[in-house]
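Note that chain A is present in both complexes that follow, paired respectively with chain B and with chain C.
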Partner chain A sequence: MKKILVCALLVLAMSATAFGAAFKIGGTGPLTGGAAIYGTAAMRGAQIAAEEINAMNIDVKFDLRYEDDTHDAEKAVNAYNALKDWGMQISLGSVTSKPAEATAAENFADRIFALTPSASSAAVTEGKDNVFQMCFVDPNQGTASAQYIGEKKLAKKVAVIWKNDDVYSKGVRDTFVENAGKHGLEIVSETAFADGNDTDFSVQLTDAKNKGAELVFLPMYYQPASLILAQAQAMGYAPKWFGIDGMDGILTMEGFDKSLAEGVMLLTPFNADAKDEKTQKFVKKYQEKFGEIPNQFAADGYDCVYAYCQALTQAKATPDMSAEDLCGKMIEQFTTMTFNGVTGDNVRWMKNGEVTKDPKGMVIKNGAYVGLD
Partner chain B sequence: MTMRRLINLKRAEARKIYLTYAVVIVAYIVCQVMSSTKFLSSSMRGMLVPICAYMVMAVSLNLVVGILGELSLGHAGFMSVGAFSGVATAILLQGVIPFAPVRLAIAMIVAAIFAAFAGFIIGIPVLRLKGDYLAIVTLAFGEIIKSILNNFYMGIDSQGIQMSMLSDTTRLLPGGKLIIRGPMGISGIQKIATFPAGAILLIIALMIVFNLVNSRSGRAFMAIRDDRIAAESIGLDITKYKMMAFVMSAALAGAAGALFAMNYSTIVANKFDFNTSILILVFVVLGGQGNMLGGIIAAAVLTILPEKLRSFSEYRMLLYAIVLIVMMLATNNAEIKEFLSRLNPFRRKEA
Partner chain C sequence: MTFLNFFISGISLGSIYAIIALGYTMVYGIAKMLNFAHGDVIMVGAYVCFYAVARYELNPFLGVVIAMIVCTILGMIVERLAYKPLRQAPSLAVLITAIGMSYFLQNTALLLWSSNPKVFPSIVGRGAFKLFDGELSISHITALTIIACLVIMAVLTLFISKTKMGKAMRACSEDKGAAQLMGINVNATISMTFAIGSGLAAVAGALLCSAYPTLMPTTGSLPGIKAFTAAVFGGIGSIPGAFLGGLMLGVIEIFAKAYISSQLSDAVVFGVLIVVLLVKPAGLLGKMTQEKV
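This part shows the complex of A and B:
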């Protein structure tokens, strides 16, 4: 009985691959653990895109598979290898930075093309010709933020609170501090926190307040940011707040008082309230399917699959091609093509894998994002 | 030296040691052949080196927990000291020694020395404590090592090696390269760790531990474990022997850390947290305290298991926990033990 079952499954599996003729596209991301919100979002975004494309009347079809890496480099490589055994032809890399660095090295060695939705550390693409990013690289966010604050004359005296055991936070903070002077900003207070002491920010906030900071820059994810906003209000400190793309998601956070985020500015490539047709379609689908508003990670995942669709169509690639052949074709396409997605128009990629698109300045008004410009 | 000691041992113990070596060597040959004939999946091939590293970790922790009888909850700390010092050494030597295996060997030796030193420094206060107190303090030291490495910066330029703490104030000259970057750890590591290197390290670790256990010092360790007061009363220097086992264990963990780190292109201090320490302790407890072969097998099984459970997606963690509980109960069940010992041809002769 068992044998028959196994045989039947095998036949089924084989026929599916034979007649399905889809590109096997795989990615790893944290689907469990502390960073699960990012991995799950990116995976869901990619799923929606793959479903949409598979329903279209075009030659490109996708067979998408995500594996859990629990935001750990070792597990990410294991997950990557599992995907390789499955027959992955093109890769979505990893969702978070450190795991992505580890899998990108494998992608490079195996000649499997990768386009990561949201791994933003510069080391992910460094020295690898076949690893590309859909999101801004961390240092760019710091530079862009400093430039934005300086050019718009939002403040002169700036405080920075950052997480000193986090790659993302550090990457942004470093270039922000480096470039602040250039744009006429004076950093009056710079304080840090780490895993384990990320619940009480009175020391950092008092320092910023006493030194007269008019604007506080928060290069971090939204959980600690939400606590900072709440504690600042409790101590009666009301500077301008400026965040980066990790701040996206603060409005959908459970139990968060939205009025606290009133007036918070952030630079993010994706805005779920944008009025264009593409974004609205995506947001509607996502809400129907998963019951929440998609964040920037979901949008990045969504765009990755569409970018692949465009590149594969233009390259006239077929699913029977080997990963290595596809890799060559994808490098050619991604370095020359222009892509329009939900995270920005006129998206282009440089030879080193970094993306160029305009960051959008957003401000939170009445519990929703509104464009700053 | 090894041989004579083994011959002098009781036959049952010698058999156990030979069996351990035999299992390791046979397993190595089988995996190597399967790997080179592409019979092994990429997933398994990718896990060979980390499994070797975890096996060495299990053997080294077994020396402290099983033989010396002290619970250490910060073993991953030594692994991270080894990982960072070993990788940094390998990067510094990149231009000097182009032959990767030699560079790997030197990196592992340097890693062992650094970890041993860390073990010695930590051992001074820790080993004066006993039981639960010792366990909790080792836990704290594991976390301290993690915090230090998360705030440590090291780079090299024409002026030599530059270091700084808390923030990057190394001020490298143009052309300099920052190697350890605080929370960002080390990036762009050349993957020079290989399965044969891992197997050799494991055999060396086993030789060191078996030799130590079956020596005068080893008997002292066990005397301290079994009855500290009696051991003290016959004039054994408790602190000295504890220190010896602790430092040796830290050194092996350091070498394993270097091997582990050089199997990935990137490494961060947060990887070696409390969870990793506990994972290694689970290997030791599941394999049987003081039982090297058991620990080695447990390390392999518990590393492969989560990967084999991938097909269960979200239920994976739950299943892993259940399997772990079942295994713990089963290996401690008298009837199952009896059944297993009947299967073992060596044991039967003994009885």
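This part shows the complex of A and C:
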């Protein structure tokens, strides 16, 4: 009798590790504070993916946990340590660039593999073999934008307005300016703003207007962009507008006059209006659960968890593996696999952790995104 | 003409700083404390006004009145719960409490209204007065803000110099202990100051968000800091000083952006502040005496 009991217990214990247990996956992001919109979205996207995967009949299961870093590097490291104490095996890094630079260094030192949904600064992955990105790295957005504007002959004279206390904005602006000449663009006006003087843009707009810019490039998030659009309209300046992925979200701002954004072009990996089945399913679920249209951050979070699911399945990894073993397997997988997600098909990663996928050119027409090509 | 246009942009930005600075300077002048939560009361006022106008489709001016009532009550509650128990505490403790209050309000707003930015509907529309064949334009909201600033300034000055309550406020500002010995209810007077300051914050919130229409839980904090700078610039405690300081700060900021460097505008603004404080330590219109109102 005793023997049978012991055997039964052993079988139970084994099956628990083999089937019942889940990969502990953790991430940090701003869930409160001024940048909370990004952290919350990425977390929610990841949650939906984890729930879907856990409901599927496959071996990979996830135990997802998000900690708040309030978009602060120091708090992000504390949050990362809390996750490590909890037993995190693979990581979603951090959502925003500044904190992600700090946690990526920890990921590298601790040999815990990280795939950040949306921290796009180049410094996040630089020199770290186990930190990968789901979003475009900032410099690529600048290069891609310059190329796009040049190839489609959207304008010759270009103005750039950027935020000089933000690594995201600076990263994009730097490569845009560097590559503009190559694609036949002339930058006639370049002006900046920062936190605290991001309300009045009359000077920047007057400069662009007086120097005859036909297109204004806005490497920034959508809140300042919405003010720029409104103020340009008030002063009767109507150039072409070109934004990057941070512009995504401008249409979901409550009370925003969508006619202001009419004709605004942007490069973004995710389009909530896309007709493919995957996107539709995700958007529908997100809307049911959280009552809003998912933005690109939510889509990035969603894709991260699915990419992990694919990589773990292919590597035949099990949840009883140590973080370090998983790290080695994940590096192997991510540098070789191809992933299809809601933020793009044929997504591949380079050895340095940067992602390659095609940016989609979008234009806002009648208050909705429409593909440019 | 470009110069004049920049000047007008400066004035419109400055008038917003000025109206926020009035609240800072009034509370500092009387209660001798820096109410860092002022910027966040502005944000609450703007949200109340936003919901009244955008969701319940009330008349914008009625919305402002509702926001004023809510903010006045909020200001009195904050004062009663957070500042009154510290009346005898060192001023550093009060300052830290005010910063804590500021974070508390911001995070409560985050829970209540989420971090998604909202676009504030202007209370007077987005039109502008065109001068010189449209070469020069002054938006309605700028004109309204300046008029509001002047009216509030005049009313406050009259209130403080002519009414009995105003007299009590001046007495408290000069010497709380002596005022109490003379039979003035110091606590009630300071509560009243907060009530007025918070009511002003609601007006400032509606005007701030009408001029620069993104509304988030952190909307009030940075303009609040700038306005505080403006109040110090003009001489903290002085009501006309806050007005002057606000306008000058706005104009300097825009000119620095336009003619020096858009990247260095804040450095220039604060550089000027340092120079002014070196020459006139009490600020432009501040007096070095005990009485500051």
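Criterion: the second predicted complex is superposed on the first by the 353 of 373 C-alpha atoms of A that agree within 3 Å, B and C clash if a C-alpha of one lies under 4 Å from a C-alpha of the other, contacts with A are read in each partner's own complex, and residues count from 1 in each chain.
In this text, a residue touches a chain if its C-beta (ideal position, glycine included) is under 8 Å from a C-beta of that chain, and two chains touch if they have at least 3 such contacts.
In this text the structure is predicted, and so the values were computed from the model without any measurement.
Three-chain overlay on chain A, with chain B and chain C fitting side by side and no clash.
By the touch criterion defined above, A:Ser121 reaches chain B but does not reach chain C.
Touch criterion met: A:Asn164 reaches chain B and chain C at once. Once the two complexes are laid over each other on the shared chain, residue contacts for A:Ser226 go to chain C alone; chain B is not touched. Applying the stated contact rule after C-alpha superposition, one finds that A:Thr191 touches chain C and leaves chain B untouched. In the superposition on chain A, contact of A:Glu277 is made with neither chain B nor chain C. Contacts of A:Thr32 after superposition on the shared chain: both chain B and chain C are touched.
In the superposition on chain A, A:Glu67 contacts chain B only, with no contact to chain C.
Remark: least CA distance from chain B to chain C after fitting both complexes onto chain A is 5 Å. Overlap of the chain B and chain C interfaces on chain A comprises residues 32, 164, 194-195.
Looking at the complex, you find that chain C touches chain A at residues 2, 5-6, 9, 12-13, 16, 50, 54, 107, 110, 114-121, 126, 128, 137, 139, 211-214, 216-218, 222-223, 225-226, 253-254, 257-258, 262-263, 265-266. Residues 32-37, 40, 164, 191-197, 199-200, 202-204, 206-207, 210, 223, 226-227, 230, 234-235, 252-257, 292 of chain A are the ones that touch chain C when the two sit in their complex. Within the complex, the chain B residues that touch chain A are 41-43, 45-47, 50, 147, 150-151, 166, 168, 182-185, 187-188, 191, 264-271, 307, 310, 313-314, 316-317. Chain A contributes residues 31-32, 67-68, 72-74, 77-82, 84-85, 98, 101-102, 104-105, 109, 121, 123, 126-127, 164-167, 170-171, 174, 194-195 to its touches with chain B in the complex.
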